[in-house]
Each structure stands twice: as structure tokens, then as C-alpha cells.
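Got a structure for you, questions after.
The letters A, B, C and D name the chains in turn, as written, and every chain counts its residues from 1.
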Amino acid sequence: MDAIILQVLNGLDKGSAYALIALGLTLIFGTLGVVNFAHGAIFMIGAFVAVTLNRLLSLSYVTLDPSQKNFLGQPLEVKNAYVVSWFGDSFGNGLINWSVPIAIVVSIPVMLALGFAMERGLIKHFYHRPHADQILVTFGLAIVLQEIIKAFYGANPIPAPAPEAFRGSFDFGVWLGFRPNAIIYPYWRMVYFLFSGIVISGVFAFLRFTTFGMVVRAGMADRETVGLLGINIDRRFTIMFGIAAAVAGVAGVMYAPINSPNYHMGMDFLVLSFVVVVVGGMGSLPGAVLAGFLLGIVESFASMNEIKSIIPGIDQIIIYLIAILILLTRPRGLMGRAGVMED
Amino acid sequence: MMKINLNDKILMLIVTVVVLLAPFILQPFAEGTALAQFNAGYPDLLQRIVIFGIFAIGFNILFGLTGYLSFGHAAFLGVGSYSAVWMFKLLSMNVIPGILLAIVTSGLFALLIGWISLRRSGIYFSILTLAFAQMSYNLAYSVLTQFTNGETGLQIRLSDPRVLDGAATNGTLPSTNILPPSLVNGFEMRDTYQLHLGNWLFQFNTGYYVTAVILILAFYLSLRIFRSPFGLMLRAVKTNQTRLNYTGINTRPYTLAAFVISGMYAGLAGGLLAAMDPLAGAERMQWTVGGEVVLMTILGGAGTLIGPVLGAGFIKYFENIFSKINDTVLHHWFSFLPDGLQNFAVDLIHPFVGKGWQLTLGLIFMAVVIFLPGGLVEGSQKLAGLFRRRTKKTGGGPDEQHHPKTTPHVAE
Amino acid sequence: MSKSILTRRGLLKTGAIAGAGLAMPLVFSKGAAAYTNEPKGGSVTLGFNVPQSGPYADEGGDELRAYKLAVEHLNGGGDGGMLNTFSSKALKGNGILGKKVQFVTGDTQTKSDAARASAKSMIEKDGAIMITGGSSSGVAIATQGLCQDAGVIFMAGLTHSNDTTGKDKKANGFRHFFNAYMSAAALGPVLSSAYGKDRKFYMLTADYTWGWTQAASMKAFLEHEGWTMVKDVRTPLATTDFSSYIAPVLNSGADVLILNHYGGNMVNSLTNAVNFGLRDKTVNGKNFEIVVPLYSRLMAKGAGANVKGILGSTNWHWSLQDAGTKAFVKSFGTKYGFPPSQAAHTVYCQTLLYADACERAGTFNPCGVGEALQGFQFDGLGNGPVLYRAADHQCFKDVLVVRGKENPSSEFDLLEVVQKTPVDKVTYKPDNPFFKGGALGQCNPGA
Amino acid sequence: MSMLEIKNVSKHFGGLKALDNVNLSIRAGTVHAIIGPNGAGKSTLLNCLVGKLIPDTGSVMFDGNSLLGIKPHEINQLGVSRVFQTPEIFADLTVLENVMIPCFARRDGAFRLHAFETTEREGGIIEKAEQILIDVTMQDKRHMHAGSLSRGDKRRLEMAMCLVQDPKLLLLDEPTAGMARADTNNTIALLKDIKAKRDITMAIIEHDMHVVFSLAERITVMAQGTPIVEDAPENIKGHPKVQEAYLGTQAA
């Protein structure tokens, strides 16, 4: 029982990461009809906003400490962060410590701007081009973004730790009446889960309760008609692209403490997020979220020893197997609409 | 015998001549000169360009004609390679049984995957094929390792039975051949003749010419399919499947046939890769390889005859030539400049070559799709048409490639 | 890049026509080369085949730096580095056998196909006489097979799988780096003395060849120490989030977690494990411990503070205090501004060892070079006395057991050496069950 | 003799009764129009005939074969062709290729792997295709991309694609919708000509009464998913039930 609860927790957490990425991807599919292979790269850039902010806050001046030697036997260079010397020890170090949450705030305008720039500068010219062209250009863009990050940060992962207050884990087991250590869960993952819940509900509320959102939803259903009403749907779609980028970006920022970001993390997520979006059903936001959580939970269960001992290697293929089964039984995924991306 | 029209005959002739003379054409610079870095006329790269050309030609029969975008063709490439290497291990180092088995097994595998995946269309189809390929990759890498030898890849060993060849006695691994060396020498895949002409060095490799002949045949076959009623039906599938159904055509067998044919082309390419270099790794089945052939086809021009081969050549050239340009080479090129300028020039180019070759490739993808919409072939035709129109003030040339017009985008 | 006339394996005939022989009949004559790419001019070309893109690009970059340094030293440039401390004095700083050393580089992308394409291009196009590099075992084994076939020497870079010099060993391939078995042999006694005899361990193992050999070796040695294994769970290579594998560990009754992961897998699984608070827990009345059998300092950086106090093994570390290490760190650090990684060290050594073997053999012929390397005993390259065993072309040397440092003084100062496990503790017989199967075969000079 | 026999066909969408116990018989060799106000179920009925929809109950017999549960291409192979409200053509292919495809479908059946013949050498097919283009006066446009044709030409092409198959039954779904008067008259003339030359049965759904009364020999009026009147054209005009249905005096 405790093992099952544990995997449900894991699944919800993985699922929230999948759902966040898939949500942005679906917004772009649904509103703009663009197959965006660069979406993973946007997620990656979000994570690197956290890394960059951490670096900026830790910018240091160097003093030499003759009492210690460096690897060449010269006096050791000791780095002193500017923020610490400006704001004092506690506040300065606190800033560095809280760099990931701060990065969320910073990342929203950054990612919005990046999204706008991408849409206005590149994507908008591809609305009426074949999907093949969209794939080629966004894939090219993804490579370029990756390589730029690699040029600055190298290929190896770079840690961006959570604030100390959120390190360590919580013992759910004791709380639920199991023995200690039966169900432990890291604080930051709980934060991630809550956070993605907030972002997802935020996006849904935005689309449901604002006029802007209503127009966009109408545009997703029937772009021509909305255009005929004299509403400038294009500008709204630009904003939607920005929002999709921001959602992926903050997802990346929040993910940074869970796994140290590296330049190819976007590509690692890309295939999976496409699977999630399609299993959810093209153009369906609730479908994307549902599929994200479903696949997250299924994946977690497949990695349980009890299940792996019955079907060895099942965790290698479970996601794809489930995707195939769902697509064969439900032609348009879980909640897809007819006619979207079927040609 | 040639039941094709004059334009196609000319195209066939050009392809044949270019492919057969490629060891000259891709080796334009003299040895030892700074530009020799850009020579691509060495056996391995020539073979690779041709083999991936075959892969892309086959992929184009599915994607270019029917519009069904498969992300899973790497699976057939991998199955082809594994089949061929198993033939080398069990039967003989002669490549013909290996290649034949590669075509057969990949065809059967494509039949299975196509039969299931073609129940859906559009992106749903793409994701189904992707899922199958990724499953195959993961299984080959970690689960079915007694068949695939996992991470390390399936290789030939001294201890393999090779029932037709007899056991190797001298402790060296045999090499793949088209005619057994016991009968006639010089037909091992790795055999290379060299020709020094002044400062130029040209290499003629048996393996390359085997693949080249197969490429020419594969291209001819694809041309015939393009010009056949079958090809017409496939193009009709791409433009309006509903109408086709109401015209009394059952589209499923047509798309399935196209899927299986393209799968067999992929298997052939996989078999040839193994024939040139008897090692089959699971990586060959990864989605990135399937994605690469998609990019090759789109880059060259999906639905055009020659585009996929150009795209394959383009990408393989970049991967192999640009990744090898390092700073030492750059300094050598710019050694005529004064030191400061030299360093500046090297620093300027440095991010785009060597370890930055992928950046250049990404930029080229974007540039091609922006400035040459429809890929290299169609894009350059349009440019040429534009140029002609400007000079002659008449309409553009006839659309020789029957390239379909752009499809409306999804939100419509 | 200028180079000598090319000759190649499989070369049948070669025809030379001086000037513009337009209508002249082509006269082919049998090539004069005795072995693949025999250097004919005043220089010799080495092929450095390292990952420059993909997840191991930074390791590859560090390897390339070391290669360039080695070439500089071989050609008599710089301060000579470990040439001065190397026990063999055959190298004079005038290139190899009097020929200036040149090099070509390529990108393996950490993919077997790409690595072989790149190596072939070096052999066929650039006339490389030796290929070296690599940052994963799959690639190393694939490249080694290719070099055997092409008739050039392969000096393996970072490859830790038993198979490289086990069932996939080749006469033309040589490995300086240690292997999974040696890691386990070195860690076993250290772990039991650090954490006690009565421990229960749980393993997470990357689900591919290297992971399996590492796990099997660890299991054998830890059980020999009296520990009991609770479970060995295989994780798919593509896993990025290990939470669902790590969450059940605490509840399993195990009190040690062994992470048979490398590279990105290692960074993520270690980070996840620490985030789950495993190290703060007490199980069976003992502190819960995590072990990473194969450490890479470059990668460990990605795990940040999570590596503190965690034991593992490495081939070499820059903080060693022997003369060879000091010389190497000094020349590398002076040139590049930071200390070298173990990947850089092993490829630098491999380059020197190859050059030295050529000098001692008096030829570039792979068979001659191979003979000179087989059974070669040397010292002064940072690992103490080393034997290049003839039976499997594996180097035998002390293994370093290291621990993540609690108070690093700089970003490079992540690991501290806990113990040097002496070479005789990690030596095994060539027919050891972990290595059996496969055969070196005959050396292949090509041509 | 009846070509098409529809018996007790009903179709529901959720709570909506789109077709309610439809009984309809179309005699061989007649032009039969089905008219009715919007939402009367005309298009649903047509979709049930070509295999796009499957009725909940009832039977559809065509020329001795049941059309229920078989696929659109099988229905076509039995001799039923359909012209759509918005022309369904192969926009990326040339006009000639557009009409060649139905020729192949007629000759080779639903599937044939003819990958090694050359389209250009399919003598019989090309001649047949060119002949039908002459019939619909489009022969000079045969190398144009179908997608670049005018709306009227697209319709004409679609009709040619159907006719070249020599269908026993031609279903026309508002063949003149959105056309100018002149085009409409051309279409009427074309259809009359076809009728005169061939032994063909036609079922037309149409709003334009000018078209209906120019062509139809029999008219069925549908309202609210069921046929209310069937009679000769002259009897339909002024029929009280029809006026009721169109003017909506019946409580709805």
C-alpha cells in the first residue's frame, strides 16, 4: 500500500512536469497550428534562466589568500560574491540561496519577450507553410538555441539548488500512519507539484474567464470566423505564444533544482512531450494535462520492482506502449477534436 | 526497355554519371592545400552519402508522395543492419544474402508497424510510428541484448560459425565482400584503388561502387513509382483522401504498400551500412536517426525525385567535414594574415566549425526553409524561375517534379 | 593540413601520373606501403576522436586539450610535461621517430556510428596512423573494432566497461583507463572498513552493458566483504527523473545505495537521492550511505554539493602529489588555467605511451608498436608503476578511492583521495569470469 | 424498377433525431430531387447512402446490394458516385490526373499495385479521361493544377470525375450552391446533356427551385428528418404540406 501511494506521488510529480510542457505545446498547436520542435529548447532556456540568475547573483571579485595554495601551488583565489559584500552576509547569501524562486519572477518577462520575439521574428511567417517546413525551421531553431547555451555554459549539467529551506524530505508515512521512512517525499517536489497546479489552473482560468481567453478559445475552434468578426486574432496569438513560452520557461526554472540543467535537456523532453500532447488529443488543453498526469503515473508504476519482476524491461517501453494503445482505441487521443492535425 | 520520358531519361543519366564520378567530383582540391579539408571523396563518406540517399529516397516515397510523416523509419534501418550482421555471423561474409535478408525482415517489420499505424493519420500516425521506433530502440539497447548485443552493438567475431565461408584460421576477422576472395580478389568492400593525378588523389572503393549501383537502381525504381499509376494514387492520398475513398479507391492498401516499400528501402540502407562496416548498434534505431531522414527529405525537397539524395548528401557532408575543422586548421587557413587579424578571423569562425558544426547545421536548416521554401530542389527551381522571369518577362518553367502545392495549415 | 602520400588498408594498386597526363594510359602499380597509412614524409598524423557534441562534449573538450598538450610536448614544445617524469626515456622531444606529430580531430557525438564514421574519415582521408579517444564504452568498443579492421592502433580514452579489454578486446586496441572490476575491487574493502561489515545494499544500475558489468562487479566484491544485496534495479538509460526508482529504497531495508550510473544519469540519480533526504536517514541503526562507483569530476560538478562525503573511485586525480602528476598538472594548468580531468590525464598518457612504443619499436607498424606496448612496465605517469598486460592490453595500476570533499576550496577541488588501493588488490587473471570470452586475435597492420 | 430502396432508416445524434423512419425509393433512370428546409435531414440521408454515416435502424438497398456497413469505396465500386457541396477534388494534381484516378478505380478496382507501369502510357485511361474533359468542355485546362481552377470549374471537374466512372447512381449535393445564375444554367444544361446521353439515375439535393424544377422528374420533400411528400414536380408546387414545411406554420 505504501509503495503504491509512493508511486502515485512520484507519478503526480512527473506528470506535473509533463503536463506543464505539454500545456504550452498544445497552446501553440491549438492556437497557431504550428508544430513547434523548439518547445523543448524553450523549457531548457527557462532552466538556464535559473542558472544564469544564480551566476549573476554569485558574481564575485577575487582576493588572493596566500595561506592556501591552488592546484598550481600559487596563492588561492578566493571568490567573494558582490551581493554579499553589498548587502551583508545574511541578505546577500539569502539572495543567492533563493535564486531559483527569484528566477521564476525574472523568467516570466524574459520568456514572454523570447516568445514574442520568436513568434514575430520567425514563427508567424510559417502559419501558412506546410508542417514539414515548420518542423524544419523549429528544429533548426532548437539546435541553434541549444548550441548557444552550450557555447556559454558547456555541455555538462550545472547545479541550481533549491533554497535550503526546501531541501530534504517530508515523511508522509508517519503522517498517514505508516512506519517511518515508508513514504518520504522531497519538499521541493511538493512545491513543484503545487506550483504546476497553480500555473495550470491559472492558464485555464485565463482562457475561461477573460475576454481575451474567450477570443483565443474561439480562434482555436475556428480561426476564420473569428477573423471575420474583425478581431485581431493574430496579435492575440502572438501573446498566446508568449504565454506558452512563459509556461514552459517557468516549468524549466522550477525543474532546475530537481535535475541540474544541461543544454540538451530540452531534446530529452521533446519526444515525450509530443507523445503526451498527442495522447491527450491535439488541440485539447485538458487532454494534455490529463495525459501528462496519466503517463507520469503509469511510468512510475512501471518502474516498481513488483511490476518489473513480472514483465522485465517494461519501464523501457511503457510510455510508448500506453501511447499506442490509447491512440488505437481512441482515434484522437483522450480528448482530441476532429480534424486537428489529421491531414 | 526504358518506359520513361525524355526528361526522366536525362535525369537518370545525370544521376548515374554524377554518382559514378562522385570520387572525382567530391575531391576537387589538391592534397595538401588548405581547401583539401573540404574534400569529401573518401570511401567512407561517399558510402554514407549514398546509403543515406537510398534511405531518404525510400522515405520520400512515403512522405513525399502520401504526406504520411513517419518518425519511426530508424527502426527499419536498425532491423536491416541487425539482419545483415546476423547473416555475416551465421552464413557468409558475402553481402548479398545479408542485404536480401535485411530487405525482407525490414519489409515484414514495416508491414506489421504500418498495418497498425496507418489506422491513424496526420500527427497521430507520426506519434504511433515514433512510439514503435522508440520501443524498438529501447528493447534493442537494453532488453533483447542476446540478439542485438545492446550498447556495444552486434559485431562479427572470430568464433562466429559462418557456415558457408568456413572458420577463420589465421586469427584475423574476415571482411565483407561481393565476390568471395577465394574466387577473385579485389571485391572486398574495403578494397580501394587509388589514382594519383598530379597533386590530386582519387580513391575508388569497391564498397562505394556496390552502393552506387544500388543507389542508381533504387533511384530508377523510385522514378518509376513516381511516374506510375500507383504513384499517382499516392499523390492523390496526400491531396484528398476523402475524394479518393468516394472514388472507389481503398486507400489503406496503397498507403500500406508505400509504407512497406519505404521500410524496405530503409532496411536496404541498413543492410548496406552493415555491409560497408559490419557493426549494428541500437543507436541506429533512435528517434534522432528517424528525425534525420525527415530533415534530409525536407531539406532536399519532399516529393521531388532528387531532393532527398541532395538533402542526405548535404547533412552527411556537414556532419563529417565541418566537425573536423579545428582551430589548428583555421590557423593554417588564415596563416597569410598578420597575427592579430589571424586570431580575429579564427575566433570569428571558431563557433561555427568543429564542435560547433551543429550550430551551423541548425542555421542552415533555418536559412533553407526561409529562403528556399520547399527545400533545395524546389527552392532553387523557384529562384531560377524568378531569375528567368526577370530576364525574359515570361512565366516560370513547367513544374517538372509534379511537386504538390503547400497544404493549408492546421487551424483551418 | 599537409601530409604525406596516403596508403591504406585494402589498397590494391596505386597509380601515379606526374603532371597532367591527359591521354596517358593509367598504369597501376602495387603500393609500396607495408602497413596502413605508413608515414612517408616528415610528419605523422594522429587521429583524436572525441565527443564534441552531445552530453559528453565537456569531457571530449578536456581530452582534446590534453591531446594538444601531448602533441606539443612530443614535438619538443612547452615544458615537456610528463615526458620529464616518464620512466622510459625513448622520446626525445623531436616528434615520433623524428617525424613531426600532427593531428586531426573528429566528433564521436557519443554514438558508435558517428564515431566510426569520424575514425574512418581520419584513416581514409587524413591518413591517421593511430586513433585515440572516446568517452563511453560503447563508442570505444566500436572504434576499437574498426581500428582492428583498418589496421591502425587504437588507444582507448575514457572507457570503463570490463568488455573493452574483456570479451571485446582486440589486438590493435589498448586501454590505460581502469575498469568496472577494478573499481569494485578497490571499493569493496574501503567500503566495509568505512561503513562496517554488516551492511545491506541496494543498487540502481544503468540498463546497458557497462551498467551490468559494474553492478555484477560491485555485487561480487561487496558480498565478499559480507554485505548482502537487497535488490539490483535496472533503470532505463533515457531516465532523467529517478524519483520512482529512489523512493522505494528506504523502505526496502537497505542501508547503502550504490548508483551504477555514469554521466548525466549519475548526476541526476545522485541529486534525486540526496533530495529525497536519504543521507539524513538512519536505517537498521546505521547512517544511510550512497556510493558512486565511478566518479567523474567534471560530471560531479553538475551534482553540486550533493557529492559531499560520497565515496567512489577514479582513475587519477590532479591532487596526487607524485612527480608525474605535478608535472602534468603544472603544464596543463599553466596552459589552460584549470586542472585536468581524469579523461584528460588518461588520453595524455595514452598519446605518450603510443609515441614511446613507436620509438622503442623503431616503426609505426601497428604490429611492432603493439609488441612494444605488450608487457611494457613504466612509471612516472601519475599512477605509480604500471603494467600494460600482454594478455588483454589492459593497464594495471593502483586505483584511487575518492570522496566528495566537504569544504572545497575551489570549483575544481571537489574530490579528495581517501585511499590508493594497491595494484595487486585489483589485479585479476585474464580468464577471470568477468572478462572471459573473446580473443585478441592477430595484430592487423593493414595493407 | 427501383435503383435505390431506403426502408425505415433512422439516425440519431445524441438526443437529436436527424432521420426519423425514412422510406424512399428512387426509380432507375430518373432524376430524383430531395428538397426541404435546412435541418430536414437531407445531407444526413446522403451521408448514410455513401457510407460516411451508418443508420441506427433500417435498410438501404442499391441495385440488389445492401449499402449498410460497407465502406465508401465499396459503395462507389458498386456504382454510386457523389458530388459534394464544396467540390472535393485533388487540388495538387492536374485536371487530367484528377479524371484519370476514377478511370483507374473503374478499371483496376479498389486496389492494384501498378507501380511499374507508366501513367503516361496508360493509353485507354488517358483517352477516356480526355474524352470526359471534352464533354465538360475543360480539355484546354487539362494540365492546370486543379487547385487553381475557378469555383465553377472545380464543380465541373468533380462532376467529370464522377461521370467518367459511368455510375449507375449519381448523388449530387447542392451542385449549384454559391454559383452565379449563368453558371447555374450551364450546370443544368450539362446535367441535362448527361441525362440524355447516358443511362443514369440521379439524386439531387438542392435549395435552388429553378434547378430542381428544370431537372427533376420526381421530388421528395423532407422535413424534420422524414419525407412528407413525394410526387411529380408539377404536383409539388402548391402542395399544402410543402408550404407548411417551408413556411413553418406547423408547430415546430
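Going forward, a residue touches a chain if its C-beta (ideal position, glycine included) is under 8 Å from a C-beta of that chain, and two chains touch if they have at least 3 such contacts.
Everything numeric here is computed off the predicted structure, so don't read it as measured data.
Novice: Where centres are the averaged C-alpha coordinates, which chain has the largest centre distance to subunit D?
Specialist: C
Novice: Averaged over CA atoms, how far is the centre of subunit B from the centre of subunit C? Could you give it in whole Å?
Specialist: 33
Novice: Rounded to the nearest whole Å, what is the centre-to-centre distance of subunit A and subunit D, using the mean of the C-alpha atoms as each centre?
Specialist: 51
Novice: Report, in whole Å, the distance between the mean C-alpha point of subunit A and the mean C-alpha point of subunit C.
Specialist: Averaging C-alpha atoms per chain gives centres 35 Å apart.
Novice: List the centre-to-centre spacing of subunit C and subunit D in whole Å, with centres computed as mean CA coordinates.
Specialist: 73
Novice: So which bits of subunit C are touching at least two other chains?
Specialist: Answer for subunit C, listing residues that touch two or more other chains: 53, 57, 61, 207, 234, 236, 238.
Novice: Quick one: which residues in subunit A touch 2 or more of the other chains?
Specialist: 313, 316
Novice: All pairs of touching chains, please: list them by chain label.
Specialist: Those chain pairs which touch are A-B, A-C, B-C, B-D.
Novice: Okay, in this complex, where on subunit D does subunit B touch?
Specialist: 50, 71-74, 76-77, 81-82, 88-93, 97, 100-102, 104-106, 108-122, 125, 145, 147, 161, 165
Novice: Which residues of subunit B touch subunit A once you look at their complex with the stated criterion?
Specialist: Within the complex, subunit B touches subunit A at residues 63, 67, 69, 116, 119-124, 126-128, 130-132, 134-135, 138-139, 142-143, 287, 291, 294-295, 298-299, 302, 351, 356, 358-359, 361-366, 368-370, 373-374, 406-412.
Novice: Can you name the residues of subunit A that touch subunit C in the complex?
Specialist: 2-3, 6-7, 9-11, 13-14, 17, 68, 70-72, 76-77, 150, 154-159, 161-162, 167-169, 181-186, 188-189, 257-260, 262, 264-265, 268-269, 299-300, 303-305, 308, 313, 315-316
Novice: Going by the contact rule set out above, which residues of subunit C touch subunit A in the complex?
Specialist: Residues 53-59, 61, 207, 231, 233-236, 238, 240-241, 243-245, 247-248, 250-251, 264, 267-268, 271-272, 275-277, 280-281, 283, 298-299, 301-306, 318-319, 329-330, 333-334, 338-339, 409-410, 412-413 of subunit C touch subunit A in their complex.
Novice: Going by the contact rule at the top, pick out the subunit C residues touching subunit B in the complex.
Specialist: 1-3, 5-6, 8-21, 26, 28, 31, 52-53, 57, 60-61, 64, 103-107, 111-114, 116-118, 120-122, 124-126, 137-138, 141-142, 145-146, 148-150, 161, 163, 168, 207-210, 234, 236-238, 438-439, 441-442, 444
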